[in-house]
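Going in written order, the chains are labelled A, B, C and D, and every chain counts its residues from 1.
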Amino acid sequence: MKPLLSVSGLHVGFGRDPRANEIVHGVSFDLAAGETLAIVGESGSGKSVTALSINRLVDFGGGRITGGRIDFTRADGTAIDLAGASERELTKIRGGEIGMIFQEPMTSLNPVLTIGEQIEESFRLHRGLTGRQAKAAARDALERVRIPDAARRLKYCPHQLSGGMLQRVMIATALSCNPRLLIADEPTTALDVTVQAQIMALLAELKRETDMGMIFITHDIGLVAGIADKVMVMQAGEAVEQGSLDEILDTPRHPYTKHLLSAVPHFEAGRAARRDYSRPKTPATPALKVEGLTVRFPVTGGLLRRQTGAVHAVDGVDFDLMPGETLGIVGESGSGKSTTARAILGLVQPIRGDFTASSNDPAKPERNAVQMVFQNPYASLNPRLRVDSILAEPVVASGRKVDAEIKQRMEMLLDRVGLPRNALERYPHEFSGGQRQRLCIARALMLNPSVLVLDEAVSALDVSVQAKVLELLVDLQHDFGLAYLFVSHDMAVVERIAHRIAVVYAGQIVEIGDAAAILSDPRHSYTKSLIAAVPSIDRRREHFTLDTRQVPSLVRPLGFEPPPAEWRDIGADHRARLEA
Amino acid sequence: MGIVKAIFAHPSGRIGGTIVGLYILIAFLGMAGITPHDPLMQFRVDRLHAPNAAYWMGTDLFGRDVASRLMVGIGQSFVVAFASVALAATAGTVLGLAAAWFGKGWDGLIMRVMDVLLAFPAILLALLIIAVVGPGTWTSVMAIAIVYTPIFTRVVRGPALSLKTRDFVDAARTFGSSRHYILTRHLMLNLVAPLTVQVTLALAWGLLTEAGLSFLGLGTQPPASSLGLMLSDSRNLMETAPWLLVFPGLAIMIGILGFNLLGDALRDILDPKTRRAVA
Amino acid sequence: MGKSFTKTLVSTVAFAVALGAAGFSATASAATLRMAWSQDATGLDPHKQTAFSSLRLLELVYEPLVRLDKDLKIIPALADSWEFSEDGKTLSFKLDPEAKFQNGNKVAAADVKASFERLMAEETGAAARANFLSIETIDTPDDTTVVFNLSQPDVPLLTAMTSINAAVVPASEIEAGTIGTKAIGSGPFKLDQWEPNSKEVLTANKEWAGGEVKVDGINVSVLPDETAILAALRTKQIDFALLNDPLVATLVPNEASLTLDRTPVLNYHVLQLNPSRKPMTELGVRQAISCAVDRQDVLDTALLGEGKVSGPLTMPAYASDPSQLFCYERDVEKAKKLMADAGYADGFSATVIAATGEPPTAAAEAQVIQSQLAEIGIKLDIKMMELNVYVDTWLKGDFDMAVALNGGRADPYSMYNRYWTKAGNLQKVANYIDDTLDDLMQKGRVETDPEKRKEIFAAFEKHLAEVSPWIWLYTAYSYTAQQKNVTGFVPSPTGSLFGLTTVTVGE
Amino acid sequence: MNYLTRRLLTFPLVMLGVSILVFVSIRLVPGNAITAMLGTEAGLLTPQQRAALEAYFGLDKSWPVQYGHWLMGVLRGDLGISVTYGKPVLDVILERFPLTLELALLSMLIALAIGLPAGIFAATRNEKPSDLGVRILAMIGQSTPNFVVGLLIIYILSVGFGVLPVMGTFTPFFENPLENLGQLILPALTLGFAFAASVTRISRSSMLDVLSEDYVRTARSKGVPALSVIWRHALPNALIPVVTLSGVEFGYLLGGAVIVEQIFALPGLGRMVLDAILQRDYALVQGSVLFIALNFMIVNLLVDLAYAVLDPRIRLGDR
């Protein structure tokens, strides 16, 4: 039997001279109907370009196929070489026979058209449906992706729906005409873990219902385990290894595959948690102590902008952090974990709460005791300043002159974070993302702080880079006796770095304690669902179950105060909030 | 000088950069008095002479050499355009930064004042200013500057507001950096790019506005010459001596074209949005 | 995509041309004269308006007692006849019994009396009042007789009465206070419609006592740009036009279907010096300037030679040969010597003011004079001013030098008494007091014998040119351009358009 | 809509600023209605005559009194009497406004009719010769002073073809549409020339931006044909900058196009204000500047409304 899709010797280049500027160097693979191929690689590996070449969208991004064939078996049994197909034929095939979903659901739907109009369009184009028929078909499509109240949602515009919902709409659109092939380009990367789990479950279910072939592109080899039949690993435009799921995961042959599997953080349910620190039995001075931290943002309405309520972003958070200890704060977007971090640094004004930080060095002022590293290394370094000015900024801010001693410290820190000394004379754009994050860390260490707040500090980095930065952080922690407040949504990463974990949900800590204890034995229902949603290579072909629970609104009427928390102690250092 | 290299690597930057460079050279020659003839010298026997070997672009009503006057005129127009845009950009930057940084009442006050200036018909504003102070080079500079200040204020305020919330500014706050440091190092430095683009485009506008004011007799005063004044002087001689219209007309068109092309190129080079990666 | 774009462009242009063509066909009826001028009237009150652009419109609607013909001789208008008494202290008029206002009422002696009383009343604010100060009382013995009783003999008074500023308006309208909002005169045309700075619609007054008007009416368009007027003439949109700018006017003869009429006018181009400011206080310096200015060269350059070098007196009856006047031949050597004698061998710097666009040649004149005076070391700074700012500055006498176009009169006394008599209203503008000049002016005012008057004013002119408080340059032309089928226009040196009454529009 | 209401609330404030600015600046200009009317003859006035005229023109009171008096009038809807026209200022303005409004609309129509398709066309041909051609034309359009364009049009038509639309008058559209369009088409083309060039440039660049958006890729992945991608998916998103530019430009044109009105002898608002300034018709200057400023702000408000129509994020958002 002919495969659904057979790619052979695919070369793709960009720009005026595509041959000289080649991104994909001869990739070949086959895909049978009903089969799922996962293409795994880091940014720049050419995985997306390969995928976009199949339905030839790459043409619109300035790319050209410079060699190879893409043989596709059409619904009527005829074969076509997509690499040489005319735009006319491609228009029929796209959407009709090859569907595609993208990474960013928020930007991948047209903001000015309603959800309904965008789904209907496929039916109009490929099925010739019009008017009421098209509308009915669109509603069915939405129901198929388990969107509640589909009829009403059809009239919504994209900005009125959450990312998860939008990705479902994208899936509904892509699948509306029952394509024979679905290309999913990092469809869950931009989503929270629990939402990611739901989308994965949905895709798996839909695949089971139809006989559709699927190409699933991801950087997260853990995610692959749940869905793929075959895996192709790409690096620098080449397919370095391909094979069945089990072959790749269990007996990787190519060093890069091995590296991906070993070096990259994978979630191991507490087994990988750090054991290099234990809390002192006797009470000691914490590096940072937070009590009853509460941040609220006013909600205004009406002509006079009178305050009508408040967003309870952070509601009565307390914890302490010992020198040399890492507290991981985990939660999903909107949970208030970043706001907590920002409040500690004074970037947002808490309405209540105390925090005290103690300095490593009694001679130093307390206000420099806490420093922060931000999520996006591209945004947190001023692109117009040279590295030496960037590193000098905290020093200048604290009122010191930049003298030889400071210069020396700069060089020492650069050495320490693994950057060459000549980096001082360069600008941020000359560095990669991982290097920039190292710069940010060096900058944060300039004033010799006792606490480092790391707000999603590795989230924007490629997986293998993540691992290296995490290693660096651990080393630095030992060397400088730092306390880390590590804010992240990524359980696998938190597992590698945290000694203790605080799970934040809707502005409140719901579970806090020893990392291994919480990850292996979560007690709060939210923690449980969070951990259940984390993909992992161990959970091979696991069937995710759908959960449509929504994050509760944090907007409360004026003057609302939450009831005091009640806690249940589970272990020596493990307690969870009582649930109603 | 990476920027110069980048401009000359850009197709429209190459043309625009060459034109602007050439004009600046001509302007300097004109200002330094290195012209084929004395631009003020009235060779009255040679009045309204068509272009020939002695007068490359002919002579005007007074027998003055058009080519020489054009060189000086380019200089004069450039001085007006550059000075007014520099003033407007400076005022706009200060006001825009203040509005963005202090927010609330200050923002409201500054932007309302700018609204007043914007809502006031520009040419009438210029006219009134000139009528009050009396026409002349520096009056037109001031008038054009006042008309453009609100535009620059808006150009600065928008990006400044968004820069204010950028991570590196937050980072600076966590170090306790001073307001002055944040404003100059983090905001100003990053506003250089959008400002450069706007300034280049505004220069083109400045040339046009100078021409418009001169057309109404409110710009540069005789016997000095500027492109606009030469154009407006030529209008009743359009039929008798077409070269009087053609050369300054071409000069102004090509000059503006140069600034526009350069502005487009700078936008491409400096604006990260257009440098978006493919695929 | 490419095709549809080209199509859009082509069809847009085609649409534009079609629309444009639709506009071209609009023509007025043959007997209505379509006229254009670039400057419109600024008001309708004949007593108050002094702008020439207003007067030439009001002359078509209102009438004075007497008017000037093309040779500047005084001829009847509302008055059939007039005479001075022996002692020259009464002036009596006999009115045309047929004369009627456009509201149907006869023009009566009472209207004349009321009009002059209004003119003389200070609360009216009529600038022309200054010319009628010798009138003491006005008697109206009967309906058609008006007698002006004067405080002293005043020969120029009669000439002053030819001005439309001395127009006779209906007494009833004065009563109603509607002068200036409704134009009800006794003249050859009725003003049906006036949209300031846009257009006027005039219809012929069938009842006009002065004769028969040959056209049905006049439609005036205000086209502020004179090249647009020329374009409109070329495309036969208008029949008749007034032009100011010689640069435009000289293009008219190139067009086969158009004729251009040039009329020398009384208004004179002048470089006013301010003799109260150093170093113009020095006679030698003023004379040096006079000698250094090449009047013909200024005329040739700034006005393309369109005009005539002239002394202070521009009216043909009194004008003398300018070559006889002091230093009317350029003499740079003499000028330099005069400068050196006055102690300014190295020259000096001064500012000359000029009004933007008034006259259109002002900037050019200033520039030529600047280059001429540079030859004797005088460095002139040109300061162009918007007209009103200029007028304000001029009236304050706040200038070193001024390029000006000043109004001329048919009578030398009315023309210059404001500047060169000790009591002249604009004495502070002229800033020059000279007993000889004052003396000659006073003599000229009361002298009734034309020959003797001529002698007096010839002496006045010679002296004025010699002491050079101002440097008189030349008089220009007023231009009327018309289609070949427009005939019968009689131009006047005063720039009056009264000659339109005899115009016919042929086929 | 809340946002729009708040914008509306700033109107009186801005208008107050404009009124003070115009009131003071016009009085700072040397010369007044008396010298404007009488010219140099004003020197012949006796002090009593001058006082009488000052009273007549309302110049005899102090500035604050004059301003207060005027402002009270404005609040009652009375902008005063124009001394040149001898009519209420509002009447004069409203007589001139139809022309200005129509000219602005017509120029915008021409600009959009030419600029939008040209810009979109160029965007789809990015960096190809036809794109470069359009861009160069647009640049030239933007680089030519409009009085040069106007003078050339008049010259070429009158000398080359011996035809020219009637100048100097204005026939209201509803009286005789053909004649009306005949009068306005050339000035509108003159103004539309540079305007179209700006629209071309902005629509090209905004279309280019939009064409590289994710949702356009999504549309293509659905098999939406090229034309439909442009018109249905890209254009509505690309229109916002075009609307902004057209709005600003239109707002300016509503203030009158002084130079073009001068060249084509159109009795529009721009020339009226210019003449009013030259004739020191204070009431008319003040009234018309206020009127123009109000129009400008209303146009800006309409632009904001247009955003809301175009973009549901603004329409439905909780701004």
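The rule we apply is simple: a residue touches a chain if its C-beta (ideal position, glycine included) is under 8 Å from a C-beta of that chain, and two chains touch if they have at least 3 such contacts.
In UniProt terms, the chains line up like this: A = Peptide ABC transporter; B = Binding-protein-dependent transport systems inner membrane component; C = ABC transporter substrate binding protein; D = Dipeptide ABC transporter.
Please read these numbers as outputs of a predicted model, since none were measured by experiment.
Student: Can you name the chain that lies farthest from chain D, using the mean of each chain's Cα atoms as its centre?
Tutor: A
Student: Ranked by contacting C-beta pairs, which pair of chains comes out on top?
Tutor: After tallying contacts for each pair, the winner is C-D.
Student: State, to the nearest whole Å, the distance from the C-alpha centre of chain C to the C-alpha centre of chain D.
Tutor: Here chain C and chain D have centroids separated by 37 Å.
Student: Report, in whole Å, the distance between the mean C-alpha point of chain A and the mean C-alpha point of chain B.
Tutor: Going by mean C-alpha positions, chain A sits 47 Å from chain B.
Student: Just give me the whole-number Å value for how far the CA centre of chain A lies from that of chain C.
Tutor: It comes to 85 Å between the two C-alpha centres.
Student: Could you give the separation in Å between the centres of chain B and chain D, each centre being the mean of its C-alpha atoms?
Tutor: 22
Student: Hey, what residues on chain C touch two or more of the other chains?
Tutor: Residues 227, 386, 389.
Student: Using the touch rule from the top of the page, what residues of chain D touch 2 or more other chains?
Tutor: Within chain D, the residues that touch at least two other chains are 29-30, 151, 155, 159, 212.
Student: Listing for chain B: what residues touch at least two other chains?
Tutor: 131, 235, 238-239
Student: What are all the touching pairs of chains?
Tutor: A-B, A-D, B-C, B-D, C-D
Student: Could you please specify the touching residues of chain B with respect to chain D in the complex?
Tutor: Contacts found on chain B: 12, 112-113, 115-116, 118-124, 127-129, 131-132, 204, 208, 211-212, 215-216, 228, 231-232, 235, 238-239, 245, 249, 252-257, 260-261, 273, 276.
Student: What does chain D use to touch chain B in their complex?
Tutor: 10, 13-14, 17-18, 21-22, 25-26, 28-30, 135, 139-140, 142-145, 147-148, 151, 155, 159, 209, 212, 252, 255-256, 258-259, 270, 273-274, 277, 289, 292-294, 296-297
Student: Which residues of chain D touch chain C in the complex?
Tutor: These residues of chain D touch chain C: 29-32, 34-46, 48-50, 52-53, 56, 84-86, 95, 110, 113-114, 117-118, 120-121, 124-125, 130, 151, 154-155, 157-159, 162-170, 178-179, 181-183, 185-186, 189, 227, 262-265, 267, 271-272, 275, 278-280.
Student: Provide the residue numbers of chain B that touch chain C in the complex, in ascending order.
Tutor: Its residues touching chain C are 40, 42, 44, 47, 61-63, 130-131, 134-135, 217-218, 221-223, 235-240.
Student: Going by the contact rule set out above, which residues of chain A touch chain D in the complex?
Tutor: Touching chain D from chain A are residues 55, 57, 60-61, 87, 90-96, 98-100, 102, 104, 107-114, 121-122, 125-126, 157, 159-160, 170, 173-174, 302-303.
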